[in-house]
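The two complexes that follow have chain A in common; it is paired with chain B in the first and with chain C in the second.
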Partner chain A sequence: MTSIDLAERAGQTPGAARRPGFTEPNETTLAWLLVLPSLLIILGIKLYPLAYSLWLSGFKVSVLSPVARYVGTDNYVALLTNPNFQASLGRTLYFTVASLVIQMVLGISIALVLNTPFRGRTFVRALVLLPWAVPTVVNAVLWQWIYHPQFGALNGLLNLVGLIDQNVQWLGSPYLAMNMVILADTWKTLPLYVIMFLAALQTVPDELHQAAAVDGAGFWKRFVHVTLPFLKPTMVVVLVLRTMETFRVFDIIFLMTAGGPAGSTTVIGYYAYLEAFRNLNFGAGAAAANIIVFSVALISLAYLRLLRTRAFD
Partner chain B sequence: MVTRRQFLVSASALAGSVGMGLHSSRAWAAPTSPKPSKLVAIVTSTYGPALEAFAKEWTKQTGIPVEVISQSYDTTYTKIVTALAGGSATDIVIVDSIWTAGFVQAGFLQPLNGFVGSATKDLVPVSIDQRTIDGKVYSMPISNEAKFFYYNADILKAGGYNTPPRTWEEAAKISQDLKDKKLVKHGTIWGWQQSEGLICDYVALVNGLGGKLIDDGGKWIVNQGPGVKALEFMVDQLKSGGADPSSISLSDRQVVDSFSAGEHAFLMSWSFALGALNNPKNSKVVDKVKLDLVPGFASAGTTSTSVVGGSGFGVTATTKAADWAWDLIQFATDRTRQIEIFKIRSNVPVWKELYTNPAVVKEYPYISQMERQFEYATWRPNIQNYAELSGVLQLQIHKALSGQVSPQAALDQAATEMAKL
Partner chain C sequence: MIVTRSTHLQRVALYAAVSAIVLWTLAPFYWMLVSSVSEQRDLFSFPPVWFPRTISFERFWQLLGIGSLGDIDEETARPARLFRSALLNSVIVCGITTIVGLTIGTTAAYAYARLRFSFSRYLMALTVMVHMLPPIATVIPLYILLRKIGLLNQLSGLILVYAALSVTYVVWVMNGYFRTIPRELEDAARIDGCSRMGALFRVVLPIVVPGLIATGILVFITTWNEFLYVLVLVNDPANKTVPAMIAEFSTQDQIKYGMIMTGGIIVSLPPVLLALIFQRRLISGLTAGAIKG
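Let's look at the complex of A and B:
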């Protein structure tokens, strides 16, 4: 597009747009001028904090004694060799893998059910989407009450049907707490999976299913060979998005368990928070946060390389 | 939670307080320095509604507006540190006793000796002592806090007990007896979530066993003698069923709600529990709960134990209106308003005379008993990086409480890690 085209599009004649002493910018300059406001915002709120965080992670700095000392990669080495941090990394991986597997399987299953015609389908679809509208804070408090050891609905229900005779410490047992948080997170995020897969299912041509059925393929074979290839691009998108979210999970942990019991839900997002905002070691906190960023970036790249070819080719 | 509205509504009670012989009007001269355009205060939500209500009155007198930034307790420390380190214009901050050393080290607070003057002698010693470093007072206490012993008198009476236990050993026996009689499922409920409240109870129990966390040379000794015995006691309580297993997932605030259901005999909690447990809106134990001295340990020959806390108002080092900030603090912590706070939140007053004022004692009979508790109370260490050290101890104690490691192993690990910090 030339500058004359631009002026014409604006409803002006080329001559009328010019003023004495005013030189029209060339196309490249104009493009830079147009993107400059967005660029400044991105630089200001994304790149600068990221660069500052990288810089900060090279220092030993505490807010309580603000004399920064350059320590190079010491903060990273200290974290990666710290058993507590290693354990929190392991918990994060568990949270991520378990959440993704459970949510992916449930999401596809529910989408398949909602894709088949039945009476009241629209109502059920709306109902399934409802938890997505619940803010994370509300969701966390809601499930905290459901799991309450004394008054919780879950213990009440299990007592009622005779499955337990003593209240279970859902968030008080190191072996249970993380799984219960995953369940609460699943309830909240499942609608994202369902709606994405439901949309993808609309793209599967009926003829393919009919042809496969004529060839004698059963439900499972049709799902694997007909439906699944159409879902793979969506799976990549959902996996990348949700891996990022689950790997840096913080809010639901902060609200439901505060990293306990016995540190069993201290994921690296929460570890970074404690380091930066409780211990006020901003250098180490920044290093922990950067490790999350690097990890998520690596995992996302790996997904894209592994799945993209199979999904799109 | 007490709202600002409730505080405003209860302002009428000021008249009653005046009747107790206290002064509600200002008995001091206003500063002569130029008035600031406004004052900014960062406080916990515990005191937010009170300060807002008091500040409104103060603004009427002085014409200076006050912006009160109120945060939940768990986020206030971070808010204050980041605000002051980042150079935000803040004049007054709330200072929990365990934050004092860190804030002073960071240069956030200015000494208040010039403002408080000789009034320190009128304050309950524990109120002011834990806010004083090297002879300098860094915050004006707004409330005294300690752990008190609450017991459900109805349950005890049904079990044949007319007096509360004097020692934790006796409490364990009574708990077992009440369980055998099917009066309770568990005798005691604690707030032992992995948080600061857990450390408060641990410190009180170590003190009750005649020990402390740090020796005179500054070395952590949690893994020796009373430090280990206290954690063994806690673990035994959970294993034997004397303590409700829910304890390890409840905070020191949530546990008050649990006790208010009327299913437990004993609770060790802060002063606010007195008001919460007697609030008919949320509690089933109104008028059934009584307050007494926290038991001691027969094995250690101690009469009682407790741990103090409480908050004060500090004036920031960067404020340009220190004398006006102090004027507001003086206004908000005067004797009449202390009674207001005690009445609404049952936060114990900081002025000595209130504990013996006949009218006050008549209206709040527990106040004398609460004062006695302070005699047996200890402090948590007042050190710069307390929050980080406490975090290490919380994690290791919780590992022992959840049965992952033995008390000795947990505290050995804690002592090793804390020595490095």
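Let's look at the complex of A and C:
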């Protein structure tokens, strides 16, 4: 490469650089070539199925009656007026709200503890992450075994410390089952909250805490007035992420309770699955799935508005 | 230094809280391990045997097919064989998904971060929105579509579906990594005669390797743990991945908890070890991805 060459290149805009004997496609062509594979996959495996699902939900279609019959919004109307579906919607809301409240409080508390210096802190922080990596399926069967009415560790433990004198059917009673599933889910999902809030806590300037301490503010006052404002943006992000997950919860329900006992843990994710793959009613199943998508989209938008208007005041 | 009463109490409270956190985290792991190595009669006794006097790793050898299988009955040998084939399926599916997802996703993410072309902002937003779609939204139509083209019950069908799952995630996260690299680095390389792709491969990619590793591991763990799609799209026991296989064992009439816990440990090992080894990178990946969205 001659120096004239270089000088010439240096004068050009970076987009015009060429290697001898090889003409690089221009920026636009190259960009399309690079994004095309991903767009094809999104189109074929996400958008087309989504459109298909919207179409399906307007039809009475099942394996048993292969000829689809157009029914308009009937599937949606039938679902929304069906007491069973309404109940499953209510259970989903309960699962979502209870999970988020418990996990938010525990997550922030644990992050605060792990943000305080103590011996072995790095080790404990590494440890706390581990349940997050355990597959949901394993988490479900593990807690099912812990909750076992006859030989379970939970009954054994509570017996040992004298809190119960008779074994409890943790997953066998309608009132307990949902809460026990939430507890099992909390074990696996809590690490996500902890690492998010630990990251957020790093943004709190030390001087603020010291100033507040000098002013005589106690632990609680310092938390509310100094720390909490810095955690708010992360709280909204975690709320959005986790609401999307809890609202569509399926795996752990399928494995731990199969919607029971007496339908007491049938959330909408499981309802949609049953409708489509047990009752083989694809139209109604698709309608139920679409209701989940709409709800999640609405809730996320609401949170994001909240983030814009309130979190930064 | 004078240790006041109140700071002393605070230390005690702190260590009590830390112990509670450690106990809550480790106790289920401990119980899974104890259940996998306990004798059958210890396993099914009440009150539970917290510290088994005799332990044996026999269930691990049986499941993994190590050593002589001659002394196990067909009732145990069949599920063990299925478990091993599921393990292999999981490795194949997750390996291919991770490689495909990283390749396709990273190139797209680079284009969105660096190149000017029409609709690029909308397409990027679309990709992120598609990533937010709950799996239940597409599982019913995908079941019908894959059945039509004969990919139901096939590993290839599953890989196709998982590729879509991972590509959107990779585009989202890697886009964030590319944006943190100063443009001047690339410009300098291009002035030195690098083509755009040359600059990408020689200058930009080496810088984002930590990001690529974190993203790849997250994709691998997510795919390894995925359950809904494989449950619906693969019915043939020979083509199931491990989560589906464990689910099948756990819903059988007579649940062998010892075996299930053993299987659970084996399945959890790859993601848990990856999380442990790449902890720092994963955490930065998880928090960055979430906050940049």
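As a convention for this text, the second predicted complex is superposed on the first by the 277 of 313 C-alpha atoms of A that agree within 3 Å, B and C clash if a C-alpha of one lies under 4 Å from a C-alpha of the other, contacts with A are read in each partner's own complex, and residues count from 1 in each chain.
Please note the rule applied: contacts are C-beta pairs under 8 Å (C-beta built on N, C-alpha and C of every residue); 3 or more make two chains touch, one makes a residue touch a chain.
If you're wondering where the values come from, they're calculated on a predicted model, not measured in any experiment.
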Margin query: Quick one: is A:L79 in contact with chain B, with chain C, with both, or with neither? Answer first, second, both or neither.
Written below: neither
Note to self: Applying the document's definition of touching, compare chain B and chain C: which contacts more of chain A?
What the structure shows: C
Notebook entry, point to check: A:F151 contacts which: chain B (first), chain C (second), both, neither?
Noted result: both
Notebook entry, point to check: Of the two partner chains, chain B (first) and chain C (second), which one does A:G263 touch, if any: first, second, both, or neither?
Noted result: first
Item checked: Which of chain B and chain C A:L30 touches, first, second, both or neither -> second
Check: Does chain B (first) or chain C (second) touch A:M178, or do both, or does neither?
Finding: neither
Next item on the list: Considering only touches as defined above, state whether A:V236 meets chain B (first), chain C (second), both or neither.
Entry: neither
Margin query: Output check: A:F277 vs chain B and chain C. Expected answer is one of first, second, both, neither. What do you get?
Written below: both
Note to self: Based on the A-chain superposition described above, do chain B and chain C contact any of the same residues on chain A, and if so which?
What the structure shows: 150-151, 167, 258, 277
Check: How about chain B: which of its residues touch chain A in the complex?
Finding: 74, 77-78, 81-82, 85, 102, 105-106, 193-195, 244-246, 248-250, 258, 261, 263, 384-385, 387-388, 391, 395, 398-399, 401-402, 404
Checklist line | Contact set on chain C toward chain A in their complex | finding: 14-15, 17-18, 21-22, 24-26, 28-29, 31-32, 35, 43-48, 50, 104-105, 107-108, 110-112, 115-118, 120, 123, 126-127, 130, 132-145, 160-161, 163-164, 167-168, 171, 186-187, 190-191, 193-198, 221, 224-225, 227-228, 231-232, 242-243, 246-247, 250-251, 257, 260-261, 264, 267-268, 271-272, 274-276, 279, 282-283, 286-287, 290-291, 293
Item checked: Complex contact set, residues of chain A against chain B -> 63-66, 84, 149-151, 167, 169, 171-174, 258-264, 274, 277-281
Check: Which of the residues in chain A come into contact with chain C in the complex?
Finding: 1, 9-10, 14, 17-19, 22, 24, 27-28, 30-32, 34-35, 37-39, 41-42, 44-50, 52-53, 56, 110, 113-114, 116, 118, 124, 126-138, 140-146, 148, 150-153, 155-156, 159-160, 167, 187, 192, 195-196, 199, 233-234, 237-238, 241, 244, 247-248, 250-251, 254-255, 258, 269, 272-273, 276-277, 282, 285-286, 289-290, 292-293, 296, 300
